[in-house]
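Before I ask anything, here is the structure I am working with.
Chain lettering (A, B and C) follows the sequence in which the chains are written, and residue indices restart at 1 in each chain.
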Amino acid sequence: MRGLTISTRVLLGVLLIMLAAALAAPLISPHDPLRQSLLLRLKPPGSADALGIFLLGTDDLGRDLFSRILYGARASFAVATLSVVVSLAVGVTLGLVAGWVRGIAAAIIMRLVDTMLSIPAILLAVLTVAVIGPSFTSLVMVLGLTRWPRYTRVAYASTLQVAAMPFVQASEMAGASTARILARHVLPNIAGPLMVVATSEFGLMILFEAGLSFLGLGIQPPAPSWGSIMSAGRQYVERAWWLTVFPGIGLFTLVLCVNLLGDALRDRLDPRSAGR
Amino acid sequence: MASDPVTTKPVLEIRDLALAIGGARVVDGVSCAVAPGEVLALVGESGCGKSLTALAAMRLLPRAATLAGGEVLLDGENLVALPEQRMRALRGRRITMIFQEPLAALDPLSSVGTQVAEATGLSGAAARGAVLAMLAEVGISDPARRIRQYPFELSGGMAQRVMIATALISRPAVLIADEPTTALDVTIQAQILDLLRRLAADRGTAIMLITHDMGVVADIADRVTVMYAGRIAETGPTVELFAEPRHPYTALLLAALPRLSDAPKAPLAVIRGQVPLPQAFSAACRFADRCPLADERCRAEQPPLREVGKGRLSACWHAERVR
Amino acid sequence: MRHVASRLLQAVIATFGVITIVFFVMRLSGDPTLLLVPEGATAAQIAELRHQLGFDRPLVVQYLAYLSDLLRGDLGQSLVQRLPVSLILGSRLPYTLELAAGALAVALIIGIPAGIAMAVWRGGVVERILAAIVVAGQSLPTFWSGILLILFFGVTLRWLPTSGADSPASLIMPSLALGALAMSTFARMTRISVLDELSRDYVNAARARGLSMGATVARHVLRNAAIPVITVTALEIGNLLAGAVIVETVFAWPGIGQLAMQSIQARDFLIVQAIVLFVSVTYIALNLIADLAYTAIDPRIRSDA
């Protein structure tokens, strides 16, 4: 933690608070996020009834917005983390393979990378989810399997570089296994740039999940997701501004934190591109 | 040979210039002067602050460097105190500069003619006429064709001639040349240096030549100022300085020059050690660590720049004992 | 010329790749007939439809037929609307193009000057304020900024229409919402590019000739800095087309984005497939154009070609 500027610490703090709130949602949530009440539809923030205060108001089915936002945070973190893990795993593996084996395999893999980067991600996600049916799992799989090319590029370039070094060839002759060489020499080198990519991807995945849920292709109701809450909010924008403003603030704050931290991380790990 | 520097009034005079980067003074107490028609060489290893000194005179210091003291007098006018608008009127007209990499110093997307014309402040036919004349004067053949060309179509030597044309077209009083031949072939080097010397003599322009190459100094400089680690080591007329250096650093620089008279396969003379970093500057003489003559006094106290002969200054406690 | 040829080849390979990927995605759930079949069809009807659409043929044959159809420009017939897909697509496309143009205008007009300002006045208050706005623009979810705009200008102030494409004024908010992210990208790219150029020797040399900083930037730096920005423009247009899906949904804008969502609702997957293909191929084409535009602007490359 030494050497972190105050602003970086603040950002990390905010992020950790949000993560903690998301993880602790079942414990700190004032109401059941799924409990509907026709009498309590579209109540403004601060309204109360026998069950307690609705801090941020209620939605179109009388559910407490604050509770749903907390649980929605869980969904965002979960989807983003898992999809980043999936794409990291797939992407780095393909990159290592392409860089080590080279030849036809590498050519195919890198052509695939180029092609996938030519399809705007959101469209591919929309099409795929529409075809296989929306669910938490399909969301994670789709996001994970469309974003891997970015990691592959990093892993490929680095593997190529390391593979050409004399000490690697010497290790090979001495009998070290491929896996060992890759683990000991390539992975430490790419860890830094990969982290930078992963951080920016994390922020992007949160936006994607929200966007897809907004379109109805993400987390399915009644399970709460910031995107689906705001979709309903769009419908009632004239009567219930809180349905779009509060989840949006949460989403914006989270993504902003992640993006700024990602920038700070990049400045640290790769000073040459600092300021970008 | 130029006139006696001691009696001719200098057109450019740098007095006690100090520049800082971060907290450290990377240029300290630098003073030198050039008279009209004279060539002064500012020589030293890379990192000694000679380029920064030149940029300071042009008021083109990079963001990181700040002026910590001193004056730069052009015809008596102190450049460092001028408002930017006045300085801009002088730049390119009274005081100009050419750079080390001529091809990098030209906008790749602008034609040669456009860029040379910018130094005249003229436009249209008047500009074209002036540019054509100047290009011819710096030895560029077929100037009418060259005017329309782009920098990438020029060779290094040709590009440097264009830069010289740009610098001299408005008949400035001073031309600062920062390593003008370092990036060029040896054969072209000689031509460019010849050109500079001839144009200076013809037009009475004072040239401050920045270089790390003592061979270049011997070629065209009338007087030399040797810099080391941001301070002046020694200064004086070229011939005398070469014959009898009065600073151990100068002596070592001269000894390091390979000569035809050296025995074949003799090892190159090297000055052992490295230039100290600004953070390591202390009250001691900055050359003490690498100096064969260094003693207690040198390690304790910085020697001041003092007169050690007619027109000769040296910053060394042991100036008289050198060589 | 070699450069042009190799880029063209790359684009062609990418196009084939996209077409193939979409082919397989459509078959991910197993039998594509099930995607296209109306609700409540009997097994017999499904079997007949499968035969009619050719989904009972071997995969390779299907792929080749699909390829040849696409190359002839035949995008198929919508089973839901009983019209050629290309017709449906064509009727809605102009709206999306209009939106994309509006968003691009917003992004360029705000983003590029902001980037230049951030580079030239580096380290000052101006840079910090603009940098904050740029980061905010990148972190704003498009649909949220869209809804906020509606809330503010449409509901509260009642200055602008909250949905639809009836009047010229209705283009303003969607363009702002869609353009916000692109604006940040342009600002960042321009800033880097200008900073890069400012560090080059010719800037000092120009000032040494007597040019002011402003004149140097205007006459020399901007043109050099424009080159990378042009590549980004092409990429961003592709992103704008993709982002239109969300913005059109928020503003009920009748372009191909809204068409895609409506088609998903209506289970009209041939249209969705066509939209994905169209946008992807456009994206590839734009990249190619950007690359080739380099040649036009940079005289250095021009003389080799």
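Here is the rule we use: a contact is a pair of C-beta atoms (placed from the backbone, for glycine too) under 8 Å apart; a residue touches a chain by one contact, two chains touch by 3 or more.
In this text, all values refer to a predicted model and were calculated from it rather than measured experimentally.
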Set of chains adjacent to chain A and to chain C: none
Maximum centroid distance from chain A, chain identifier (CA atoms): B
Whole-Å gap separating chain A and chain C, where each centre is the average of the chain's CA atoms: 22
Between chain A and chain B, centroid-to-centroid distance (C-alpha), Å: 56
Distance between the centres, which are taken as Cα means, of chain C and chain B, whole angstrom: 53
Chain C contact footprint on chain A (complex, rising order): 111-112, 114-116, 118-124, 126-128, 130-133, 203, 207, 210-211, 214-217, 227, 230, 233-234, 237-238, 241, 244-245, 248, 251-252, 255-256, 259-260, 263, 275-276
Of all residues in chain B, those that touch chain C in their complex: 55, 58, 60, 63, 88-89, 91-93, 96-99, 101, 104-110, 115, 118-119, 121, 150, 152-153, 163, 166-167
In the complex with chain A, residue positions of chain C that touch it: 10, 13-14, 17-18, 21-22, 25-26, 28-29, 35, 135-136, 138-144, 147-148, 150-151, 155, 162, 188, 192, 195, 238-239, 241-243, 245-246, 249-250, 260-261, 264, 269, 272-273, 275-276, 279-280, 283-284, 287
In the complex, chain C residues that touch chain B: 122-123, 200-202, 204-212, 219-220, 223-224, 297-300, 303
